[in-house]
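Here is the structure we will look at.
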Amino acid sequence: MNGNSFGRLFQVTTFGESHGDAMGCTVSGVPAGLELSEEDIQDDLDRRKPGQSMITTSRGEPDAVSIKSGVQDGYTTGTPIGMVIQNKDARSGKYEPFITAPRPSHGDFTYSAKFGTRNWGGGGRSSARETVNWVAAGAIAKKLLAREGIELKAHVNQIGDVEAPEVSFEEMLEHSEENDVRCAHPETAEEMQELIAAYQEEGDSIGGSIYFEAQGVPVGLGAPRFDSLSARLGQAMIAVPATTAFEFGLGTDAAEWTGKDRNDDWEFDDDGTPVPVENDHGGIQGGISSGEPIYGEVTLHAPTSIPKTQQTADWETGELKEEKVIGRHDPVLPPRGVPVVEAMLALTLVDFMFLSGRMNPDRVDDQPGKYDTDYHPSNPANE
Amino acid sequence: MNGNSFGRLFQVTTFGESHGDAMGCTVSGVPAGLELSEEDIQDDLDRRKPGQSMITTSRGEPDAVSIKSGVQDGYTTGTPIGMVIQNKDARSGKYEPFITAPRPSHGDFTYSAKFGTRNWGGGGRSSARETVNWVAAGAIAKKLLAREGIELKAHVNQIGDVEAPEVSFEEMLEHSEENDVRCAHPETAEEMQELIAAYQEEGDSIGGSIYFEAQGVPVGLGAPRFDSLSARLGQAMIAVPATTAFEFGLGTDAAEWTGKDRNDDWEFDDDGTPVPVENDHGGIQGGISSGEPIYGEVTLHAPTSIPKTQQTADWETGELKEEKVIGRHDPVLPPRGVPVVEAMLALTLVDFMFLSGRMNPDRVDDQPGKYDTDYHPSNPANE
Amino acid sequence: MNGNSFGRLFQVTTFGESHGDAMGCTVSGVPAGLELSEEDIQDDLDRRKPGQSMITTSRGEPDAVSIKSGVQDGYTTGTPIGMVIQNKDARSGKYEPFITAPRPSHGDFTYSAKFGTRNWGGGGRSSARETVNWVAAGAIAKKLLAREGIELKAHVNQIGDVEAPEVSFEEMLEHSEENDVRCAHPETAEEMQELIAAYQEEGDSIGGSIYFEAQGVPVGLGAPRFDSLSARLGQAMIAVPATTAFEFGLGTDAAEWTGKDRNDDWEFDDDGTPVPVENDHGGIQGGISSGEPIYGEVTLHAPTSIPKTQQTADWETGELKEEKVIGRHDPVLPPRGVPVVEAMLALTLVDFMFLSGRMNPDRVDDQPGKYDTDYHPSNPANE
Amino acid sequence: MNGNSFGRLFQVTTFGESHGDAMGCTVSGVPAGLELSEEDIQDDLDRRKPGQSMITTSRGEPDAVSIKSGVQDGYTTGTPIGMVIQNKDARSGKYEPFITAPRPSHGDFTYSAKFGTRNWGGGGRSSARETVNWVAAGAIAKKLLAREGIELKAHVNQIGDVEAPEVSFEEMLEHSEENDVRCAHPETAEEMQELIAAYQEEGDSIGGSIYFEAQGVPVGLGAPRFDSLSARLGQAMIAVPATTAFEFGLGTDAAEWTGKDRNDDWEFDDDGTPVPVENDHGGIQGGISSGEPIYGEVTLHAPTSIPKTQQTADWETGELKEEKVIGRHDPVLPPRGVPVVEAMLALTLVDFMFLSGRMNPDRVDDQPGKYDTDYHPSNPANE
């Protein structure tokens, strides 16, 4: 099966399954001269990893990344960066009841039907564990974007029927990592946590959504019509596990807005460049970035692994049976989804930065000219 | 700029701009032996074309497709199908005020900023006219899917705050093409039309949404993780002009559903195959089709071309000015968007049928074996 | 069938078959602001077209290109360029004996076996007529390369056992278009023509080869390991009809050279940059351009359509039969292959110029900055 | 830099550099149900590895492959197969003289010029060490092809001016692995070894070539025009380190053959299917496989690392200097290139088997139907 690569010039290719030996990815298209260490990547992996709090699964994976290639003396060399994240030795025993009886609304049935088999431990390739690869690759993308003045952040803006009020980008930066639920509005975060605890107590789970925003994106990113910035961002976000909706700008609300209300008039900024008076368009016009902040939202359905009894159909015995998924699982997905959404946003944007010629695909701009060996990271005299 | 191709095995590549000489597309990956005529394609083009009713622009394009290659004696040959749709000689004069002063919320500014120029007549490459290419290619995809028992349909389920009740697939097939607004619920269609007329009268426009559904899709389509069926479908749909949201299954509602409520238990069908009791998952589990109907929704914002005065900023004169877009424009997009959404759904599904080995990429299955020249469409004796 | 596209950032997609309605191609990735007219393209098409001389087929196609999109007021707009080249109304009657009895060493059998049918008039999609598309797209590539100081040329360096001595790039530019055989060495050209005439007289055909060279290619093009400059150039060249060998640098001779003899020592140029003392490496080291001229050679087998009686096997009647291909056909392929080889060289190089960030994918470098509407080709005041 | 992936449906993506931490690759598109172990892959890796004999470098890498994902209970699961091959801790010291002074005809200069840096130990990413990844992926491709009755083999047919006579496929299978030089003609192998020893003794190296052949390839593989079987095979083969020429069928000899001589007449086989009387076309007609054996040849230049003094230019000091590459290096490349050429041939063919719908991309054909859990490799009852 294909579908393991994302991006065209900045491209990540992944492998691995939950309860397998290791996860890993290859990142092609990283220019030379970027300072990069495993620590740079580890920070985001730690934000994604399980066992961080009461509201995440207690399964403890260290999730330590190991860079296998593409970096020398602390700088990228322009060649592919191979990364491997070892899986902990996990007991798969608790999944045995589901080998031939699919868990409700998981990928168990579809994977088995497609391939005639599946790695049944913990969801195998369909597990959200795959997103360690995305977060690892996304961390590199974020570093590159930061050099160009592009900042991005996500936070949890809805859990069940608890919705956060609109927050500023600065509030997201300041508050979203302060609480376990990763909501940038502290009071709402508390409400959300109570709601989650209530569902968790009754052995159920609940859905929610993540708001994302990118600032400093230059005008001109996107390759309409089929690879418009919005279409590619949509693909990236809908690939996030459990996503059932992607919106940008007004999203579904746009159905009820008139043209006059939604249209953003033009004025001039201080430099005499036309800028929209408002940003109801979400930073994308005609499929191309407008220079305004890009913002949108993804909806994640409730976790399907719940300790409630549910009915499944065993294709080996031909019998219906009642089962519950035992063990600790996330009662809600958005909190750990925040770094994943950020990663996919970063991977999409950085690819378009290269596609639009706004970044040099061979080397970062402040790398000294060729032959400037004083800087040359491969010069032993520098060490 | 790239981004003019969609699909990997069944691939369409397009060119053309509004008010240019012609639109055209190349469809690669059509197997040999499919009966195909220009009439097969024209039907869908006619459903998309302007000037069909009071609620569509009165600009009259005949939109006659001409097949240039890939078909011989009424059957496809397996080689690329080139199609050209001539543009009518259109006067672009009314767009002159906007050459250096972007229309609000169009692609005028982003195209000009990206390229330093743009084809300014009628939106150029950013015009929805491009979708004639999609509909033409989609008509071929639909024919192939129909042979495999896959049927698909879309209808308008919301205009402004008027929402249609849920309708069955059969109702969609029966009623959606009966009224100008393409809503399968006749009473709602009337309400929608009144609403549209009201907005139109006051020189404004309004948003809406399109519901789509595909039946008969086999289990096993999709290439997770990045090319999951949902992610690719999302890309396809968000590329549809004016789309601001894509949902499948419960969509944004999933945020408020619990795991227990959303999870679909398993039972057996008459053949002893596990099937979900319900279809809250929208026909896609783990990024792969489950055999259940695939359904979802796209939101289209209100048309941006409105005859109301709006403010723009002329980058040549450095002055703000008040302009209105003259001429007749669609006051609402979903009615003509229905065949476009169907086309993108068909293009996505047919590509996965080939990617999953469920259809022969070289020839249709009921084409007689090689050398069976009685059938052989290139045999003059058959004519 | 796929395989109708070449290039990743500068990408051409083609359709059409010999004796079909029209040939056509879509060129994606041409930056905005390039001056471009049909005449620019026609020149190379005329060099490729049949009926130019005694040694090319007398079938007279006007081969007039029509640009359908992507150009406005004489300048490209950054959007895809659609081009159509009408086919003349050709009588296919003479191909009837071969509908179910394949011509020796053509694609008749393989196409029919793959697809169960084929467009049998004149070779259909397998005809060298397809290369009009390549030459049309290549003409745009050449224009872009010329702006960067990259010049390229090909000439015929062997027909049968007549080989031209080594010629300089300047001699290629000066002499290769002076004679019908397109050999840059005038005396050899005469010999070649005599040889061709002799084979033609006896109803046979003969093979040959084309030498190509590109000058001014900057250091750093190529994406090893799989998309090294040499590998991609190889794919491009071997796609040229009738090609059976691709060589660069020393080519097959390298088998007999020692490391010491082949290795190119380094010295400094006047600017103090290391340069190879010789260019036995053919301008490519480690899969990446070295700054030295890129040169190589393709071998084209003899035309398969010959007026000699040959044996074929009719799969409809089950009988062997003796047939000859009637009509005038090229007795040798390299002369008309020269513009085709140049086109594929140009298409390969220009794609890498974009992939390596050496050219701006959105607009040519000397296009005035955005908003400079005095130049703005879409400003009617300029006309 | 991109260029780290090969194939479209069966796709390998690689990372790693000589003297780096590890080499690795991800193979996407392997169907489920293929029996696969590390031993299957190790055999070919051992044929490629250094230190096998006097005529290969004595640098001893164990080259042990570790499968990280995509295999469960000895069978593939349809998900990507991640493989890692650890590099031995290698001392890079001997490469220090070349950090800023490029070795003649290596990739040292082009990599440094492109990226402004390079991994200088042992050639870094440009090292032939990368081909461990190709051979590992190719071993999987070979297993899949063998199931379809496709066999392939390569042998060394020329070293310097010593050429082997034509050998049969059976001779290649029987003899090519019997001697260190991997030539299927034992007497010639001895001559070759003497020649190699002579060059080695005088501190020089010598070029050579590899002949390859595939039997049992079905009619119909290839996606002309740009992705014809020959063009893709060419790309694959020219990517092999040190390759300067690719030929198939008559190769460069075709320049001197007439159409009458080269054309292969048609007759019928025992089943009444047309087959060519001879195979001068090399198994490919019109870019598509004809059912005849596919054969061809690649030329590999002499190794550039030689212990002879050569001149280089140090860009840091601005001075010319005389250096020799110390340590043991292969005096000739074809012997260890044989498994690499086989791998690239296998990777090309298997991709087309999927692209042409001749193999099921989801699961191997003899895997029992879905739900047949007796066989189901994930059923613990089977163990």
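Letters A, B, C and D mark the chains as written, and numbering starts fresh at 1 in each.
Rule of thumb we're sticking to: a contact is a pair of C-beta atoms (placed from the backbone, for glycine too) under 8 Å apart; a residue touches a chain by one contact, two chains touch by 3 or more.
Just so it is clear, the model here is predicted, and its values are computed rather than measured.
Between the interfaces C-D and B-C, more contacting C-beta pairs are found at C-D. Note: the chain lying farthest from chain C is A, by mean C-alpha position. Chain A and chain C, compared by their mean Cα positions, are separated by 44 Å. One finds 28 Å separating the Cα centroids of chain C and chain D. Averaging C-alpha coordinates per chain places the centre of chain B 37 Å away from that of chain C. Along chain C, residues 1-5, 9, 14, 111, 113-114, 125, 220, 273, 315, 355-356, 361-362, 371 each make contact with two or more other chains. Interface residues of chain D, counted against chain C in their complex, comprise 1-6, 14, 101-102, 104-111, 113-114, 125-126, 130, 158-161, 199, 204-209, 219-220, 222-228, 230-239, 243-252, 254-268, 272-277, 280-282, 285-291, 299-306, 308, 310-313, 315, 318, 320, 355-356. Put simply, chain D touches chain A in their complex at residues 1-5, 9, 11, 13-17, 20-24, 26, 28-29, 31-33, 66-70, 72, 75, 77-82, 84, 96, 99-100, 111-120, 124-125, 315-316, 361-363, 367-373, 376-380. Of all residues in chain D, those touching chain B in their complex are 8-9, 220, 273, 354-357, 359-362, 371.
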